[in-house]
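Two complexes follow with subunit A in common, the first pairing it with subunit B and the second with subunit C.
Here is the complex of A and B:
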């Protein structure tokens, strides 16, 4: 399979940015109330105005929802690239570190205790996610080094443990079961500006790996070779793992658990632009955002006025695409 | 001038298992040094210690005047470059990208980093620069990794068995290249398994055995058959041909020494038996032989203990006495179908004396046909066992009929 952007970094990034812009416009235009391109432009120019229904739909419902979806998609894709390349394992996604299960446990506790969605359930989700990261981290640390394989195993184990606790809580608090299940499936339904504010925190964390593209390229040759070539491997690994953990926790806390984006997007982008991180990271970020925005658009329009959980959509779209690309591409 | 690398009483253990013990040696700038030793003798560990990837459990590794554990990785990479033993990449990167990774330690300034294409051209493979790394052959990959390491522009290059995946032509090309780079001032320390390459290319060799330096010096001094036998547990034979020295080997595991056989031979009648017996695990001695005799040369190649007389001279008292000593130390004496004249008749007498003292003596029947001194007529009566030829002799030895041979195992 030939690459689209073999010649340089910028053509790929510009193309991906264009695609994201197109997806954002589509997602803002379509829904139970469709808006024309001209109308979209008027609404953007007008800004939020009281008493206009279309204006309220655009500014109070659609815009925050689309922004949250794009930020979550971008965060998961970046976390996916970082984790896959640190673990040198193509099957890794942002959820293997146990962060998402920890976040789910935090959110479940929030729901069971009938705390307000914002900020408390979200805060508990973030605390749960990062707490899990610390636990997994401690399990994987031996003599000042992080053993990546122990980290992976510990992450998977703690995921199961957290899921088991969530299940127990669901059975104990059966009246909240629907809310918990719905949260676990992942959705952008009803996300507003406060959620956008939380998701925006992810932006600086998404930027961190961009400063380590050379180190990440070199780490593709393995940790030992990276040491030989002069990379401070432990420091780089720590920084990137924490970054990926925070991105995952933030994403999960505002949207629940949405599968496949963090796994599939890095693979798709790697096949298109190659494994070099100078292209891979920014293009994955943009493609992750695009994919999530489109998935959310489908989730709320296909059986409108009902919604399909967005995680189901991402899986339906992502799985066949992934298999197709795997069969076409030589290597992942 | 201070040495480039200095190891002082370095110990290293993985967990509780000691790998290196009391390693001390210096490496001067501009040297071309090979490290040889059996698998598991600690060669790769030694290289990783010099590159600061491992920290010594005791002692110090000093590179350019500073202990390795005080280096930041980037500074270390500017001092020491390493070509690893195994290198592969599961990701589809361009050769240019792979080579440029080597310049990481030089920072972002392109002027300080050098050019990947120039480096590959230096190694004679400029055309690889736009290929995909994953599409390259094993030999090409090895050169790309070497180019990557050279991009570090470090004064010391370490190589961990760079030739193990290469065919013979690529091997020679690689070592010629290293020699050339060494000529331009690069200090090279290279692990290798092929002792003949080690013999030809390197100024000095470090021989590691069970975690210790067994020898350190010029290859001719270091790769002696006794040393190789002690370190590798094989028989090594050193040959000189057209001004070059080369080694051949035959397997003989340590601790399987089966007994001593002394050969009375000469004129090439004993060369075959010598090799067969040595390969079968016997300790072989011979005598008295004249220097430059075919059997004497073979014995020397095999590193045998021999009683030797000057060329074309009859057996003198000294050689005769030495020969008797060797026979007494042996468990079995074999006399080949050697032509007997007055010059070497004393060897037959010595054998009969040894027989009288209790050492069994076997002989090839052909001996009597070539006896021009008339000293072998009575040997059968004296108790010498006669065999139809070399093949029968060998078979009897292998069957263990020389009871004395077996009982000493």
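Here is the complex of A and C:
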């Protein structure tokens, strides 16, 4: 099972990168309008051209959509790994911190006020997500330390509170109920280049945990042991928590709340490459991106010209897989 | 809040429930029973009509106390001259002006059965979908329920005739339906020989949603000389892939005002700059009260649709 882990870090990463490249090509080629590989190459080389419908579909609709999906998938997977290992809790996903519910509240306010989707609804979602992070943070800080247990509980509590406010807004502004419900379900439909630009901001934050792989490995043995081994526990924890929070807020703000990727991908990757973060983090990043790109591909092709919300697809794939993994003997 | 928006929402919730069960088939917006058949003698004796859910509704004498559960139903009642019999409406009733002063039974989504009963109506005009499910409860309390849920333009006409009978306002109903029929004949004459123009009707912008088969909007687009692109997406109010929309390249793009879209926004969406409709300047926003409420104002909506889909014919006249 941990063969890859023993043979080193790079083979796993290269394999995962290859899989992601394959998924990207598939997702760019297939859709309601399918393209041959030759045509795909022509379009890529031609760049965005005016006056050509197929070119417009490829460059203005499909390409930004696929890019946003891959960035969101990667961000959620990295946030999932970081939070599961900080909380030492396998059931953690990026949404337990309450950041996603805060972002949902921000987006709902944007929708109810009829601010156009970009940039204001997205910006409000980011503000809502980060605001929640600050609140949870303040609740969990005691004598200069962050109590992970309190942080988890505060996150869950604030997330319920935010959801309750969203529900009230939904009832008060029932003409926008449809838009809110759809936002909450998560989707990449209609995402354009401005959304890509926001999602790109996630890349430096995805890189941060890669500099703390040794500390994260040691933290798996508990904070006390980490302190004994000379890890600056508080500083590391803070940095990683904020990173995971920002990643989640960015992901949720451009795509809505898409379940299961942040929960399941880290577990799958742990089974394949072991718990060491030097492999786990980059491979999860790549696998998360691949899974989201494929889920989005399915969501826009299975019942075309209708679309299935992408969160439904990830849950369909993720839920059975997760139950299967759990039953395989508690190795997760 | 328009009546249809909620119907759309219920369609969406239904859709996600269906998906969650793993089914791929879509079944949005229930009944096809638009065969609202007019019955024989409207004079003495019990009045029997069949509503849009296919249920026979019998009144011993014309209704004197009417509760409307949808803005469209309120419009029908006032248009046929039964406004004085209205005892309550919904908080979304905004047309005609007098209707806003009526006591309210709650909003469209959350009508209160207790509240409805408190007005002691002898006829309740409900909408389809969610409200149809309240029928049993209301009937147990001794109320007569007529469900207004037509799926074609002619179905709306038939329903207005039926409500006229139940309310003892046959003449008023006839005047309304005559105008609706006249609008249809005018429009058909106007666009008769012209080739159908591919038309996309946007019900909602984010996510993109359209009107599919089995809706009176689809029917009206066809009457107005359009070929409804949304019909390929199934029945009810399905969501629609942007990629397919750009590929289908509609000649006319019409957004209903409830979609929150402005013509200036539509042109700027990803991929839309290549659309024939955008290049030809055939992007319109239509007042959703004129096309989404199954009531008398559909006549006006139909004329407007024809003017948008075939402006060349409309200006000739």
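One rule holds in what follows: the second predicted complex is superposed on the first by the 323 of 332 C-alpha atoms of A that agree within 3 Å, B and C clash if a C-alpha of one lies under 4 Å from a C-alpha of the other, contacts with A are read in each partner's own complex, and residues count from 1 in each chain.
One rule holds in what follows: contacts are C-beta pairs under 8 Å (C-beta built on N, C-alpha and C of every residue); 3 or more make two chains touch, one makes a residue touch a chain.
None of these values were measured; they are calculated from a predicted model.
K.L.:
Overlaying on subunit A: subunit B and subunit C, fit or clash?
P.N.:
Here the two partners, once superposed via subunit A, fit next to each other without clashing.
K.L.:
Can A:233 be said to touch subunit B (first), subunit C (second), both, or neither?
P.N.:
The first partner, subunit B, only.
K.L.:
With the two structures laid over each other on chain A, which partner does A:145 touch: subunit B (first), subunit C (second), both, or neither?
P.N.:
In the superposition, A:145 touches no partner, neither subunit B nor subunit C.
K.L.:
Pick one for A:224: touches subunit B only (first), subunit C only (second), both, or neither.
P.N.:
Only subunit B; A:224 stays clear of subunit C.
K.L.:
Have a look at where A:32 lands relative to subunit B and subunit C in the superposition and call it first, second, both or neither.
P.N.:
second
K.L.:
With both complexes overlaid on chain A, does A:214 touch subunit B (first), subunit C (second), both or neither?
P.N.:
After superposing on A, A:214 lies in contact with subunit B but is clear of subunit C.
K.L.:
Tell me which partner touches more residues of subunit A in the superposed arrangement, subunit B or subunit C.
P.N.:
Counting contacted residues of subunit A, the larger count belongs to C.
K.L.:
Give one of first, second, both or neither to describe whether A:174 is in contact with subunit B, with subunit C, with both, or with none.
P.N.:
Touch partner of A:174: subunit C, not subunit B.
K.L.:
One more residue to check, A:88. First (subunit B), second (subunit C), both or neither?
P.N.:
first
K.L.:
Once both complexes sit on top of each other, what is the least C-alpha distance from subunit B to subunit C, rounded to whole angstrom?
P.N.:
Between subunit B and subunit C, the shortest C-alpha distance works out to 34 Å.
K.L.:
On subunit A, which stretch or stretches are contacted by subunit B in one complex as well as by subunit C in the other?
P.N.:
On subunit A, the subunit B and subunit C contacts do not overlap at all.
K.L.:
Show me the residue ranges of subunit A that touch subunit C in the complex, using the header's touch definition.
P.N.:
31-33, 50-53, 56-57, 60-62, 64, 114, 116-117, 174-175, 177-179, 181-182, 185, 187, 189-193, 300, 302-309, 312, 316
K.L.:
Touching subunit A in the complex: which residues of subunit C?
P.N.:
1-2, 5-6, 8-9, 12-13, 16, 19-20, 22, 24, 26, 107-109, 204, 206-209, 232-234, 238-247, 249, 258, 260, 265, 269-271, 273-274
K.L.:
Which subunit B residues qualify as touching subunit A in the complex?
P.N.:
These residues of subunit B touch subunit A: 51, 53, 72-78, 81-82, 84, 87, 89-94, 97, 101-102, 104-105, 134, 148, 152.
K.L.:
Going by the contact rule at the top, pick out the subunit A residues touching subunit B in the complex.
P.N.:
Listed in rising order, the residues of subunit A that touch subunit B are 88, 214-215, 217-218, 220-221, 224-225, 227-233, 270, 274-276, 330-331.
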